[in-house]
Amino acid sequence: MAGDSATIETGPREDVHSPVALSVQGLQKIYSSDTGDVEAVRDLTFELRQGELVCLVGPSGCGKTTLLRCIAGLLDPTAGTVTLDGAVVTGPPKKMAVVFQEYGRSLFAWLTVRQNVELPLKNAGMPKAERQKAVSEALHAVGLEHAESSYPWQLSGGMQQRVAIARAVAYKPEVLLMDEPFAAVDAQTRADLEDLIRRVWKELGVTVLFITHDIDESVYLGERVLILSNSPTVIQEDLTIDLPADRDQLTTRSLPRFTELRTHVYAEIQKAKRGKGGDA
Amino acid sequence: MAGDSATIETGPREDVHSPVALSVQGLQKIYSSDTGDVEAVRDLTFELRQGELVCLVGPSGCGKTTLLRCIAGLLDPTAGTVTLDGAVVTGPPKKMAVVFQEYGRSLFAWLTVRQNVELPLKNAGMPKAERQKAVSEALHAVGLEHAESSYPWQLSGGMQQRVAIARAVAYKPEVLLMDEPFAAVDAQTRADLEDLIRRVWKELGVTVLFITHDIDESVYLGERVLILSNSPTVIQEDLTIDLPADRDQLTTRSLPRFTELRTHVYAEIQKAKRGKGGDA
Amino acid sequence: MTAAASTSSPVSPTSPPRRAHGRGAPLPSWVLGVLGIVGFLATWELVVRSGLVEAEYLPAASAVLREIAELAGTSEFWAALGRTVRTWAIGLAIAASAAVVVGLVIGPSRFLRRATHSTIEFLRPIPSVALIPLAVLLYGTSMQSTLLLVVYAAFWQVLIQVLYGVGDVDPVASDTARSFGLGALARIRHLTWPTALPYVMTGLRLGAAVALILTVTGELVIGGGGIGTEIALANSGGAVPQMYALVVVAGLIGVVVNLVARVVERRALHWHVSVRREAL
Amino acid sequence: MKVLKSIAYAVTLPALLILLWWVLTIDSTNFYVPKPGELATTFVDTWFGERFREDVMPSVARFAAGTLLAIVLGIAAGVCIGSVRWLRSLLEPMLEFFRAIPPPVLVPILMVLIGINDRMKIAVIVFGAIWPVLLNTIEGVRAVDPVLVDTARTYGLSRWQRLRTLVLPSAAPQIAAGVRQALSIGLILMVISEMFASSSGLGFTIVLFQRSFAVTEMWSGIVLLGLIGVAVSIVFQVCERKILHWYYGQKEVQHGR
Amino acid sequence: ACGGGGDDDSSDGGPDDVKVGVIPIVDTAPIWLGKEKGFFEEEDINLEIVTTTGGAAAVPGVVSGDFDFAFGNTVSLMVGAGQGLPLQFVTNGTSSAGVEPDFGAVLVPGDSPIQSPADLAGKTVSVNNLKNIGDTTIRAAIEQDGGDPEDVEFVEVPFPDAPAALAKKQVDAIWVLEPFMSAALADGARVVTFNYLDMSPKLDIAGYFTTKQYIAENENLVERFTRAMNKSLEYAGENDQEVRDIVGTYTKIDEPTRAKMVLPVFREDFDRASMEQLGAAAVEYGTLDDEPDLDALLP
């Protein structure tokens, strides 16, 4: 599990004393179909401590979504286990929120934006006044307060994605899983949303697993970056991001350490892609 | 139409002598629904010369997709016209290929990857041998030759998006419209695909309109970058990218001119967002 | 049992059925189906044995089964069965192909849909049985009379489903097809037809049952041979067990028809969510 | 304007067909095919009066009760069967079996079990009209978008919430297709149910006309059935548009109209 | 769809094809018997018997030319003729047995308070078809017995289902014919009245008919058919056991029931007086609009 770059510290930070929140042990997933089996994930082992914000990067099709769906209890692993707060995950755990890659399809077409965000809260039995406040705040945070009575299909792609994010944030989960949540939003909004996630993370102490393709984003956001190899997928590197805890779009991104880290991640991903049976 | 930055040349390059391929004149689109009208696009006027590669950037929800659908003849504008090769567009023109933002839904679930790519060619009456070669080449170019007999729902998000790209490329269109085609692919694949698009563009002399959120990408890819304002949408700037024609991921991106241009675009977009009734 | 099954059943297409791993080998569906039938027969037998209904008016299941076995030894029975199945098959084939063609013509055109709507709604609820005098007038007591009723009744079943299916085409997919220059016919073949296929399948299964009902009813009321005529004969002769035996045979034809339809569906719709969720 | 247009749409084709019929029967003496004018007068004479209250109204009431019951039962059973796989395997052959049994042969059993009354007729209607609703509900429930299902599961939506906010709305367009068919089948079964053990009702009257060779009157009854069908369909459509406004809205805007 | 024999009246070629639509019940035994005995062959007729399961197809079948002749009940024919259909009987088919027990009766459960037809007023009675021979004759019987004929409610229940309805007390009384009458009696039902006999011991129930046009165009053939038919009727009237046997070949009535059941009378001539009576009753109770034109209807 140790990294191979001299200047870069890899492996989970030893000075973090919070207990383990999420533990993935020897996870394997094979999709079987008529046309043959596909081994999406071979053998993944890693841990997330409570309140950690970890980014996951890896080549397209390497099994990130598969991993996320196993963690969310939506998919049974072929081998290995996922443990959340000491309990093995067999179905979707409580107080977990997921933002799916297919944002457009994860919204309820028959509910307005506000109703979409409100639904999980209502289901959790939150009192009305509190609920409405939470929804309004979340919509404001993603910049959609003006669209709250529109239906999802009346929104642009980026706006839909933000609704899904608002829904997850308003839910105030203990564990937040996000699958390329900013893929469809513009650079400026993206920066704002990145800061939103870090703010939410700090304020709520939520454990976050964040899948992204954007290397800068992974370095800017994460406390740790997990790099997956090309399939058959294993963890290629577990990189600790030793940037200051208070981050800021302008200063943090211009730190020399930031550039070092991003260059390192980039090189690793390129290695990941070439390392095994090349994907593109 | 003139830019406002001293060191940046804006407006279409005057030295290009090829004829106008695509012309958008005073385009306006208002969506009307029960809950009220939404003016997605107010007044857009611009031209694309034959064989140009133009990138379109703008805040989320500013009407890029709407514009693209009007150009593709899939949506009737409320006012204004779209002209292609001198003829007003009233329905989808021939020899135009579109890559949609909702890549997942633009693939036919009942066809395999290969059949999806093959369908438009078959429909255009291309002979079998030639067709199969074109399909194989396109799939190879996007790195999906190993997945050709899978169904779209057996692929990861990024792979699906690449299928849609392969389909458009294999079609060898005269005009290629792409709506955030690389949103779901990883950094490395993205770089490869960017180079693929530039290669295809050069080899086929196709006119390309490329919508993206990635500012670096727009500068790296385009000969021109169109920046849209926040809604009600107009063209905020028409920026010529005076980078060398032969581009390369490493050297081009490290040119000082590249940094200048990307900083300029970034500033413009921020202005676009703040300029009018703020979106986030 | 219900709770457990219903939480694990509506899983995503990619997840294998949980019980395949957890609770030992699942019962194959045909075993369950047979169990269902056995349970029903047992209930029936009990209802009669316990005297809830007099055996004179509703003979016990065992008696009816014995009667079926006896019938199966006579050649007249098989002749009647053959006749019924033939009328049914011809009627359904005519009705289904007519309905699919009409549906595919009317469905995609808003104008035709609106123009024919009132007429369809007027003709649809007219009971086939009310057409008996007309049928007899035109075709006497020959097979065509019954055929007329069958076609009339089954046609609407399939047509309505086709119309709904055609309306369900994904607009993004449709835009894709149009932008790649697929003409009206090609779109029907490659897009509309596959989208409507699940609906057509439902329509076929509904239509098959209605056709069977009308075949038997027609034979019953008009005469001319077949299971229906045999039922009428048994009824008017007071041969109660034989009548029920024949009714059960009519039902069994329905079961067989459905089995065949399911197999066809599984092959034709292997890509559809509803099938692929279960195929794993 | 909009209203006028839809009326024009609704009326044009029927008007053309009536015209055609009129032309074809100008000098026909066919006993079984009345002329349009003749039929119109007979229609008024036959149905506007006592018959309306005594035959038509009770029939329509039974039809309404039977179809509503069929819809409710069909949706309820369809949701259970559609979302529980083993239940579907268990029941499907049975359902197919019953579906294939012609309602006319069922009447004697129902008569024995329920008696000769309105409930028996309603049972016949339910028995026939439930199938399209049931089948469509099952299919609709089976085809819920998997991403949505995952979303609902991760937010821990309760079973009731999932049913109310996910399964039913997402299956609603297909259920609507089933309901639409159930309505017309219900009307057909209303007639069939009155063919046995009856002494009044619209269906009964039509059959009686048919047997007494009162052909024009019989056709007028068929026309009345058709008109009731159209009325029911209009009511249904208003409801459908209301309940499925998101579905039609989505389709309309996505088609760029 | 004409069965042949149509246009050429004379029998120059081989035998004439004749298609007759009948209901497979006891009443049509003579034609089956006649066919078996070769009475039709003797008349150079190649007879095809087509069973129609209900009466619904008989008249349209004849009018459309699908059948050359068909078997139909007298009231149905009066109604059809009243609607302007050019129908005409060629010969009688079945008549009331003339003495008790007749082959059809109004039955009540053994413990019913209903003793005589008059008691049926205010009660529910099942008949196979409304506005036909059953309710008309029962109403007449009630009136004869001093009851109010308008105050009885009829419901349609097919004969085979009627005994069950009676046993379950879903109706107060049923009107059934053989073999269901015997079955119900064996189950403890009791006869209130033999309604055919109440109208007239000579009441004609049904006959064989065709269209006037057919008669005009095929005079010779109609004559020959009538002759063969009459011979069959006569033979059936004289050979009870053969009737019971032949019924077993085209119905599903089992042997013991066939042996027990009461047979109708088979004779060739219509009893005009009883027909007039029936016609008048039908008009009185609204089954018919006008008195039937018996001259046109009877042979």
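Think of it as A, B, C, D and E in the order they're written, each chain with its own count starting at 1.
Criterion: a contact is a pair of C-beta atoms (placed from the backbone, for glycine too) under 8 Å apart; a residue touches a chain by one contact, two chains touch by 3 or more.
As the structure is a prediction and not an experimental result, all values here were calculated from the model.
Enquirer: Tell me, which chains sit next to both subunit A and subunit C?
Expert: Expected: B, D.
Enquirer: To reach subunit D from subunit C by way of touching chains, what is the minimum number of steps?
Expert: Minimal hop count between subunit C and subunit D: 1.
Enquirer: Write out the two chains that share the greatest number of C-beta pairs in contact.
Expert: Going pair by pair, the biggest contact count turns up for C-D.
Enquirer: Any idea how many Å lie between the Cα centroids of subunit B and subunit E?
Expert: 84
Enquirer: I'd like the Å distance between the centres of subunit A and subunit D, where a centre is the mean of that chain's Cα atoms.
Expert: 49
Enquirer: From the C-alpha centre of subunit A to that of subunit B, how far is it in Å?
Expert: So the centre of subunit A lies 28 Å away from the centre of subunit B.
Enquirer: If you look at subunit A, which of its residues touch at least two other chains?
Expert: 31, 33, 69, 74, 91, 102, 105, 154 - these are the residues of subunit A that touch more than one other chain.
Enquirer: Return the residues of subunit C touching two or more other chains; collapse runs of consecutive numbers into ranges.
Expert: 7, 11-14, 54, 57, 132-133, 137, 172, 220-221, 228, 272
Enquirer: Quick check: what residues of subunit D touch more than one other chain, meaning two or more?
Expert: Each of 32, 108, 112, 145, 147, 150, 195, 210, 215, 249, 253-254 in subunit D touches at least two other chains.
Enquirer: Show me the residue ranges of subunit A that touch subunit B in the complex, using the header's touch definition.
Expert: 31, 33, 35, 38, 57-61, 63-65, 101-102, 104-105, 142-143, 149-150, 154-159, 162, 180, 183-190, 192, 213-215, 266, 269-270, 273, 278-280
Enquirer: Can you list the residues on subunit E that touch subunit D in the complex?
Expert: Interface residues on subunit E, with respect to subunit D: 55-56, 59-60, 63, 76, 79-80, 83-85, 126, 129-132, 153-158, 160-161, 164-165, 168, 170-171.
Enquirer: If you look only at subunit D, which of its residues touch subunit A in the complex?
Expert: My answer: residues 145, 147-148, 150-151, 153-158, 161, 165-166, 169-170, 172, 246-247, 249-250, 253-254.
Enquirer: Any idea which subunit B residues touch subunit C in the complex?
Expert: Touching subunit C: residues 69, 72-74, 91-92, 94-98, 100, 102, 105-111, 119-120, 123-124, 151, 153, 167, 171, 177 of subunit B.
Enquirer: Under the definition above, what is the set of subunit C residues touching subunit D in their complex?
Expert: So the residues of subunit C touching subunit D come out as 2-3, 5-7, 9-14, 17, 26-27, 29-30, 32-37, 40, 53-54, 57-58, 114-119, 121-130, 132-134, 137, 153, 156-157, 160-161, 164, 167-168, 171-172, 198-199, 202, 205-206, 209-210, 212-214, 216-217, 220-221, 228, 231, 243, 247, 250-255, 257-259, 272-274, 277-278.
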